[in-house]
Amino acid sequence: MPITTAYKTEIQRVSILDEHGNFDEKLGKDLIPDADLVRLYEAMVTCRVLDEIAFKLQRSGRMGTYPQNMGQEAPSLGASYVLNKDDWIVTCYRENCGLFWRGVPMESILLHWMGDERGNAMPREHFATPIAVPIGTQMLHATGLAWASKYRGEKRISCTFFGDGASSEGDFHEACNFAANLEIPVVFVCQNNFWAISSPGKVNCSAPTLAQRALAYGMPTIQVDGNDLFAVVKVMRDAAAWTREHGKPHFVEAVTYRLGDHTTADDARRYRDQAEVELWKTRDPITRIYDYMKSRKLWDDSKEATTRERAAVNANAAVATAEGIAEPHRQDYFNAMYAELPADLATQLATHNTHSLGQTEEAAHVATEALAKAHASHH
Amino acid sequence: MATLNLVQAINLALIQEMEKDDRVLLMGEDIGLNGGVFRVTEGLQARFGKERVVDTPLAESGIIGTAIGLAMAGLRPIPEIQFEGFLGPAYDQICSHAARMRSRTRGAFTVPLTIRVPVGGGIHAPELHSDSPEAIYAHTPGLKVVMPSSPYDAKGLLISAIRDPDPVIYFEPKRIYRAFREEVPEDEYTLPIGKARTVSEGNELTIVSWGASVVQCMQAIENSGRDIELIDLRTIYPFDIDAVEASVSKTGRCVVVHEAPLTCGFGAEISARIMERCFLHLEAPVQRVAGFDTTMPYYKLELDYLPDAARVGRAIEDCLAY
Amino acid sequence: MPITTAYKTEIQRVSILDEHGNFDEKLGKDLIPDADLVRLYEAMVTCRVLDEIAFKLQRSGRMGTYPQNMGQEAPSLGASYVLNKDDWIVTCYRENCGLFWRGVPMESILLHWMGDERGNAMPREHFATPIAVPIGTQMLHATGLAWASKYRGEKRISCTFFGDGASSEGDFHEACNFAANLEIPVVFVCQNNFWAISSPGKVNCSAPTLAQRALAYGMPTIQVDGNDLFAVVKVMRDAAAWTREHGKPHFVEAVTYRLGDHTTADDARRYRDQAEVELWKTRDPITRIYDYMKSRKLWDDSKEATTRERAAVNANAAVATAEGIAEPHRQDYFNAMYAELPADLATQLATHNTHSLGQTEEAAHVATEALAKAHASHH
Amino acid sequence: MATLNLVQAINLALIQEMEKDDRVLLMGEDIGLNGGVFRVTEGLQARFGKERVVDTPLAESGIIGTAIGLAMAGLRPIPEIQFEGFLGPAYDQICSHAARMRSRTRGAFTVPLTIRVPVGGGIHAPELHSDSPEAIYAHTPGLKVVMPSSPYDAKGLLISAIRDPDPVIYFEPKRIYRAFREEVPEDEYTLPIGKARTVSEGNELTIVSWGASVVQCMQAIENSGRDIELIDLRTIYPFDIDAVEASVSKTGRCVVVHEAPLTCGFGAEISARIMERCFLHLEAPVQRVAGFDTTMPYYKLELDYLPDAARVGRAIEDCLAY
């Protein structure tokens, strides 16, 4: 048999509630209880409202660069909804909706983009890692976090999110390969929104699907309509269950679209067709659930109005909290460097100087005091 | 002669070198239709086509690694790394290959590569968008490291870098990308890599600096009212220690200013060299005004971190009073 | 259609002359003219003999660490045989046989491992890059080299070799992804020898095949019995032709085995079963061709003896050349750093000092002279 | 008290910390059954099992990136990078994440990680197996950098590194892995990170060094017959500038010795600090004996490159004669 088959595979795509309102009863029935659906809907609306407010904050100089999540609310939300509360969720920056569902305060995310590290000081009980600025690097941390669970014999898994662009980075490959070969339970979720800033999808992946990235590792993989919350919930529930049971990784490609600019520093009109945006607006994950709930008589205009109002109140409260925080202090960034502030750094802090002549006796004394205090606070 | 800012000067240099030499091509993330996130390559894809201004996948090691291959084949690639904080993934290809290929092969293969990288703080950007890693690459034999501080220098140094037969990291201080304009000749010109520029002459004290800090130093000198010589290093490797020596031998006092963390920053090398060369002329120890030995804080506190005219001013006073 | 098929694929494996002597006439006929086969056989034997000599050189302290190629002669040789002489060949360190076929002198490879950069100073007409020490990095250079051909409108392609271990590195992923998405003609050849030093294959790739790494990029891919020179020739010829025609990359997994230690610094008995080695000895690419040629009456004992003798003569001549080279000079490693020696470096060279006090007037004068000379030699 | 070489001392420290603290695990290429390419982890997989001594895929960024995740989860991973030349692919995870996680999250997440890395030249190894990148990491705030020069120090410093709540790069000078033995206590002990060791006392001149160079310095001192104080820095960051200051204030003369290239090596920092702190005590400029600003040559010439007792001796003479 000179020519034989060495490998054969097939990747599925799941859709339950499509953009035309078609709902697959077989897969969709009992998937999300109505009461939950209403809460999930509200979560998406709140996230969208925050995006709009954040945009304005940036434009009026009250916040730095901000990446809107608009249009991509469903993948992280669906994941967050089905994961255990103590499964690690390791994100990039378009997973606000899932993080908020998990319990991460909105003001944390705002503070991050306001140039304040306190936004990243997430309480550990959220089992969420900080926003990852260097693209494609956080998936390795997800793999390490899940490895720790395995090491300890816990059932906790990791779920990590990243973009189509991120899947080009070497670290993505290494994260998948470690998880597959060392048998570490991670769900890798690629939010394929077809753009990496101005680079169209095929610059980063010219294969027919992003889901097939996983075939390289012999990893189970599936594609899902990422704007279909039902399909996301089903796929993520199955993937998480499989991962937890087998102690091995699973890949999910969530096909979605960012309706806004890459960040507030970007102008997407420079590189993409408005027609494409308009098309994707018809596939909006929020209106899809809205229409569905209406058709099921779960929803009406007054509920909608209440929801929108509550969303605005919550989002504005978060902004107020974020803006109301005290100014950060110089010592914050010095003291945060190590568990104990090194003596030399203590002097730099005390004198706010890096040149020795300015480090007078008095300053050195202050430095010594600061150091002693730092030590004391750790013992 | 046009009056250009730093972005425009670089853009012009790229246009002229691309017109002159079809071995020159640009590659990087978002540099094509989008013109780069700082618009430095604006209009170049329209002008030169998609073959010569190439949007690459989002992978810095890939960008530099393929650029090395292009250069080994005799082309003159100019990869852009979007921010200095993203040089990290490309560190290995830069230091293990670009820097070593000529010596490894005793010249059989060379890597005439110019890596363009926006550098430094002060623009209210997110984390990893405000660092100053020049010392890392100056410590890596085989590389040249350039950092202009003005539009005129930017054009001349970039053209030199592109024509240089060895790999050059060309750092663009993003804080002054659009801070000011100056006259920049239309014609092509080069500035030697390895030669400093005396920004202002003086006899009381020498300041050595580079990149965006030069502007802070000019301010500090003005504020001080003293007779100070300001040397803009322009190129970090090779560096013009002769110019520094000549100046410090005259003034006897020196302050070095840079944004990178103090410890093992390039200021340490300048200080050590001055000690070695000007020991008997020194009337005070060389003072270093630098970033602190902390991570560059998020932007609410970045101005607290960056050396500014006030901190330079205090160093000048302390040094003169010594 | 809630569950649809997003992607479907199948990978083939090619074998022509198997370890039992079965020869597939349909694929194998006319593949390699008899005269060529004899030459190819001799090339493999020579490479094997050099390995044995190199081993002894190392053991007797006449050479540093050396990685034997034993057992893996066929993949690079088959590639080198079918590629154009000016296609780039970008290797790691187990492709000696292919490099020698290309024309790279044996002494170059020896010199490299004798700690002498002159071994890497390959004449450009070989279109071969130097041995890559950092694992997994050279595939990006192959992609860049082929990109240059495309840029210039040439038909030259790249063929790059790497191990199963190397396929774990992020750079591997980036090289494939660049080639696929930017449409660059590279043949990626993975020599899967089931070991990366002491790590068994599945630590680096737990998927059923290494060939499926390529599916991540939508890249055509095939598996070949890498100890079957006929199959390698067929697969490489097809892959190279496809790549050249389409201007896009192709992947090849060559399944093979290293019969020796990882390098002379390694002792494979520490981590692998002798039984496994014995099994693979029965699959040796050299004996396979030997048996085939005998069965076809192309070969006899006297031809074998002559071949072995010639191989030994050639290999020993290479050793003599490598050992006969003049001692390298200090200035070699200084002058090789840049096209022009920087002044400071010239001083370091002239004084053999890095401390300024030792840099006397005289030394500085010498330095200036050296610099002037270096300048002159480049203008 | 056993008499151990450096490899054995490290092996012992690993065993003791693994027995004491089950959060400690080892990971890396070939560290399991094979015991690492230098046999430093010999026998540990047999003793502690495959869960605690893990052979990883061949990917350095993956090793450090997953180790960061393990550490964030509260474990104490000890990844091995096989040779310092292969830190390159891990540079980004080390510098962009391990070094920054605590400050980024204001302490919510920390990275108690010890990265073991054989370092330095002199063993006739291939390219990229003989470098000395300590200055690169000393210039990266958030990391600690340790380099022992003896079996006794190796054990004590490694235990400190493992227990340290912050990321430590623990460089092992491979040239002296088996060069000599000394008495190493059976019991566990720690040595403070940030404190130098005075190897020999003297009044005429101070030598500051670290790693394998310390041995060359001892030789040079012996050859010189002069009254020289030798300070082994032991840890590169934080570094014990107080010890250096005290010594140089006494001797007035200093030679710094390291294998890494001169320019922007850690010797530059030591020199600059001495100038800042001991200016009025200095009787000669600080001299640096270092690797040249070239790539470390292949092994035929590596001894020409490495600072040896003879070069250190010349620097001593020059400095004393100044």
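Each chain carries a letter (A, B, C and D) given by its place in the written order, and its residues are counted from 1.
The definition used in the following text is that a residue touches a chain if its C-beta (ideal position, glycine included) is under 8 Å from a C-beta of that chain, and two chains touch if they have at least 3 such contacts.
Here the structure is a predicted model, which means the values were calculated and not measured.
Participant: If every chain is reduced to the average of its C-alpha atoms, which one ends up farthest from subunit B?
Facilitator: Measuring from the centre of subunit B, the most distant chain centre belongs to C.
Participant: From the mean C-alpha coordinate of subunit A to that of subunit C, what's the distance rounded to whole Å?
Facilitator: Centre separation, subunit A to subunit C: 42 Å.
Participant: If you average the Cα atoms of subunit B and of subunit C to get two centres, how far apart are those centres in Å?
Facilitator: So the centre of subunit B lies 38 Å away from the centre of subunit C.
Participant: Could you state the distance in Å from the CA-based centre of subunit B to that of subunit D?
Facilitator: From the centre of subunit B to the centre of subunit D is 30 Å.
Participant: At least two partner chains per residue is the criterion; list those residues in subunit B.
Facilitator: Where subunit B meets two or more other chains at a single residue, that happens at 56-57, 59, 61-62, 85, 88-89, 92, 96, 103-104, 127-128, 141-142, 237, 263, 276, 284-285, 287-288, 292-295, 297.
Participant: Provide the list of subunit C residues touching at least two other chains, using ranges where the numbers run on.
Facilitator: 117, 134, 168-171, 174, 177, 181-182, 203-204, 332-333, 336-337, 342, 344-345, 355-357
Participant: Considering only which chains touch which, label the overall pattern as line, ring, star, complete or other.
Facilitator: complete
Participant: Quick check on the complex: what are the subunit A residues that touch subunit B?
Facilitator: 64-65, 112-117, 133-136, 165-166, 168-171, 196-199, 203-204, 265-266, 270-271, 327-328, 330, 332-334, 336-337, 342, 344-345, 348-349, 352-358
Participant: Quick check on the complex: what are the subunit B residues that touch subunit A?
Facilitator: 29-30, 32-35, 37, 55-59, 61-62, 85-86, 88-89, 124-129, 255, 262-263, 284-285, 287-295, 297-302, 304-305, 307, 311, 314-315, 318-319, 322
Participant: Under the definition above, what is the set of subunit C residues touching subunit A in their complex?
Facilitator: Interface residues on the subunit C side: 1-16, 24, 26-27, 168-174, 177, 180-182, 202-209, 211-219, 223, 231.
Participant: Could you please specify the touching residues of subunit C with respect to subunit B in the complex?
Facilitator: 117-118, 120-124, 129-130, 134, 137, 140-149, 151, 158, 170-171, 174-175, 177-178, 181-182, 332-333, 336-339, 342-345, 355-357
Participant: Under the touch definition given earlier, write down the residues of subunit B that touch subunit D in their complex.
Facilitator: Residues 61, 85, 88-89, 91-92, 95-96, 99-100, 103-104, 127-128, 135-136, 138-142, 237, 260-261, 263-269, 271-272, 275-276, 279, 282, 284-288, 292-295, 297.
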